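Okay, handing you the structure first.
Note that the chains take the letters A, B and C in the order they are written out, and that residue 1 is the start of every chain.
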């Protein structure tokens, strides 16, 4: 196990380095010189040149990357030129929002997806199965920006059951906090469950072909017991991976849902940083998000290894 | 984007299905796709109104003999825009997954066959691409290259590469251990021969099935990018951008959002139905599992 | 009263302003209930308050700034300066020196006394070249500020300004008075921990989310401050912002004319009130006269003549947006009898394009926002009608200034913000050699008019200068204007006491709930 962890770790470091380099390159592609953004209407060429020099923008890109990397390795991700916040402050304020949104969305997605998958797998090829597999994917064709506003009109404006927009930290008002998250999480979950369902359905159908299931059937076990007890766990390996990837993806923020429901998440932070050319924030946040993604994948791999011993031993 | 990942390994371990007739649904779906494709391809020669000509005083007009489906928020013919929108949505939706299929498929095949350092490198670079927030990528590349259909297609195509790579690699990994590959190796076949003659024909099937799902997802994601102003450049329309624009008129003229949404829904559904049926028919491992 | 106001509102926005102005007079003893709290829905995130960091306060910053900070003066309903932190003011005969007497006994929220020294420190900090503040641009006309004694502030201007007190009447990046102790001790963190003398104190603030302001118990004018608490939130999406107002989560929301459907819906809704104000600026576009086809005046004129602003307003804003034919909005004191605006004339425009002979093809920079796209497409259509072909070049907001300053454009949208005096922007936008003289156009006559207006004290003569300059600009068609700056806010009907939205500022610091 220790060797497995160590191997994964050796793999993670270059990935993160590559992400940071990619971020740096991509950020330098952005048109619009920061010096002009800062100087505004008084941007004479001399002033621009002087400011660029002061900010180190006239240095070659590799040098800027290395000096940035040097600071990062010392634990200094830098500070926004615009808000004065450090990267860590900005991220720590917003990560709870993205985390909670992601967990709730994934939870609702699994809540809808798993039972439907089991129902479909139980009668693979049947009318319900065919209807759901086709229909589920077509659900994806409802764009989140339309779905979100429809949910708001229905549940907030017409029925007044839930708030339309807003956020309070869980630590302040737990109940209100959950109410704020229902609609955005539902919007995301409605795009998540079709995938969850399809993955689990396929794996379950495969599992149900296994000999031991036939044996269980022959022994006269109840179908529901076979489905839930014997078939579900061995079928959930792919599901774990997919859920892990989804979680990693959602960590990077869901700009559209965050904007519509006015949630202060990572997505709005990142896009705001691009629009204001706040490159320190952009680079820092992308790096941290990538770390989060890698960690989640790492956990998934561990889980995988725990669930399926073959991977632990055979993958060397 | 997350949805692109859905079918990592399960497409390979495809479910067993009883052979069945194609069924009515399949034909309806195929017919719908044929109609949409024909309309999209023939749009410039069809007797349609100009999709960008505005009648600013005839905004959001109701259905009429002049404008079959009324007009949009700027007084443009909704029917013409829907058809030209299909053209854009389908172009992006078909070509972008092809990029993913080509590059991702090839990388996955090679990584799965050669293993070792090369595989680590490929999987690692794909992880880099996955760990990088896709929206940041899309924003930066659009800002740098400018907004156009080719650029949009490339962005969506590149973002799809990791998913195709995974599908291809997973399929290759299982196939590479199969008897026919081992036999070919033992007979001294070259790498190229094994890859092209033995593996590719078998890997391509799950890839194609995944491709059809990719088409559906890409069309939807293009809509999201259009909503964020990163989609097709106006005055051109895509279904996604039309839904985004129509969303501002939900109160006054809900059809402006729901007509393109219905088009998207039916097309995605049709692609999926056709894809599923074709996979069920052609899956070589059917019954083998 | 409300019925009349409602009826008038439907007819013409002019009446709306009149009706609002009448309200306090007609009903002087209106019960102003203290207590309670409101939630304000803004569009954008507030980046912070330190002028050195944020440079220019946008509409989202102004709302909290109006609650946290005081200014020397404020504008009453008639647009005249009234005492706030300054009790009185005098000027020299040449209008180049303005002396303000300060209100005694005022303290910043952190206990620092407010005095002339503190005021001067604010000014010096913005002006200091070492600080490279973007905000310095807007006080370029001020040579220095002196503090001869505890309660006297003297402004020494480079050129005469007859109405200087109106320039320090709302808490923008320059006029808001910050506590010197706070910015010195807080350093980089001051930006998000602002300290002023205003009626509300910043209690808590989560980035991208809620900002909570609580009533300042020691405020010098606390009897006129009613609410206990103000909560501000950025609600970026127009549709869900309006939905939040309808569902009662917000009491007042920022809006703009591109959201015309909702504004008009609110006007019909007795539970909601629409507030609007037309400012002194406009929304302009600049041609780059150094690049073809805009190096030919006929092309520029043709394109301007092709625009039917009324139709455009109808198409984009259901007719809410007010057409502009010169850079001065209704809220400006510059009114031109003759601004030399080119008429809307498709036939003539076509003829001019034909006279030019070559095909007219160009790109227009637009912001990659729904607003930018819709305006761009409408212009595209107008120009197509006269035989010119325009392509949209969508860029994000941050790309526009660099593109403008480096002249990497053919046609670019710009802004004329509501400054009380036209000089800073007119001079910067049209005088030869200024970084913002985007048209790359040089005309000694125009320069002379702008220079003359700058050093002239008499208002009539200045108006003449500015109108003459406008005629020249319109004739040469180096810039054109589409609409006047008009600001909107929608509130629930029981929110009262909102002052006019000068400069687009939603000032909720003295409102109350009925």
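Remarks
The criterion applied here is as follows: a contact is a pair of C-beta atoms (placed from the backbone, for glycine too) under 8 Å apart; a residue touches a chain by one contact, two chains touch by 3 or more.
The structure displayed is predicted, hence computed values, not measured ones.
By count of C-beta pairs in contact, A-B exceeds the other of the chain pairs A-B and B-C. The most central chain, judged by C-alpha centres against the centre of all protein C-alpha atoms, is A.
Each chain gets one centre point, the mean of its Cα atoms, and the points for subunit A and subunit C are 39 Å apart. Our note on geometry: subunit A versus subunit B, Cα centroid distance of 21 Å, whole angstroms. Subunit B and subunit C have CA centres that are 45 Å apart. Multi-chain contact residues, meaning those touching two or more other chains, occur in subunit B at positions 139, 143, 244, 247, 250. Annotation for subunit A: residues 31-32, 149, 153, 274 touch two or more other chains.
Multi-chain contact residues of subunit C (touching two or more other chains): 239, 395-396, 399.
Taken together, the subunit A residues at the contact with subunit B in this complex read 11, 14-16, 18-19, 22-23, 26-27, 29-32, 124-125, 130, 133-135, 137-138, 140-146, 149-150, 153, 191-192, 194-195, 198-199, 201-203, 205-206, 209, 238, 241-242, 245-246, 248-250, 252-253, 255-256, 267, 270-271, 274, 282, 286, 289-290, 293-294, 297. Of all the residues in subunit A, the ones that touch subunit C in their complex are 31-33, 36-44, 47-48, 51, 54, 79, 81-85, 90, 93-94, 148-149, 152-153, 156-157, 160, 163-169, 259-265, 268-269, 272, 274-277.
Per the touch definition, subunit C reaches subunit A in the complex via residues 41, 45, 47-48, 50, 53-56, 132, 134, 136-137, 140, 188-192, 206-210, 233-237, 239-241, 243-244, 246-247, 249, 395-399, 401-403, 405-406, 428, 435-436. Interface residues of subunit B facing subunit A in the complex, by the touch rule stated above, are 1-3, 5-11, 13-18, 20, 25, 120, 124-125, 127-128, 130-137, 139-141, 143-144, 213, 216-217, 219-220, 223-224, 227-228, 240, 243-244, 247, 250, 257, 261, 264-269, 272-273, 276, 289. Residues 52-54, 56-57, 59, 73-75, 139, 143, 146-147, 229-230, 233-235, 244-245, 247-252 of subunit B are the ones that touch subunit C when the two sit in their complex.
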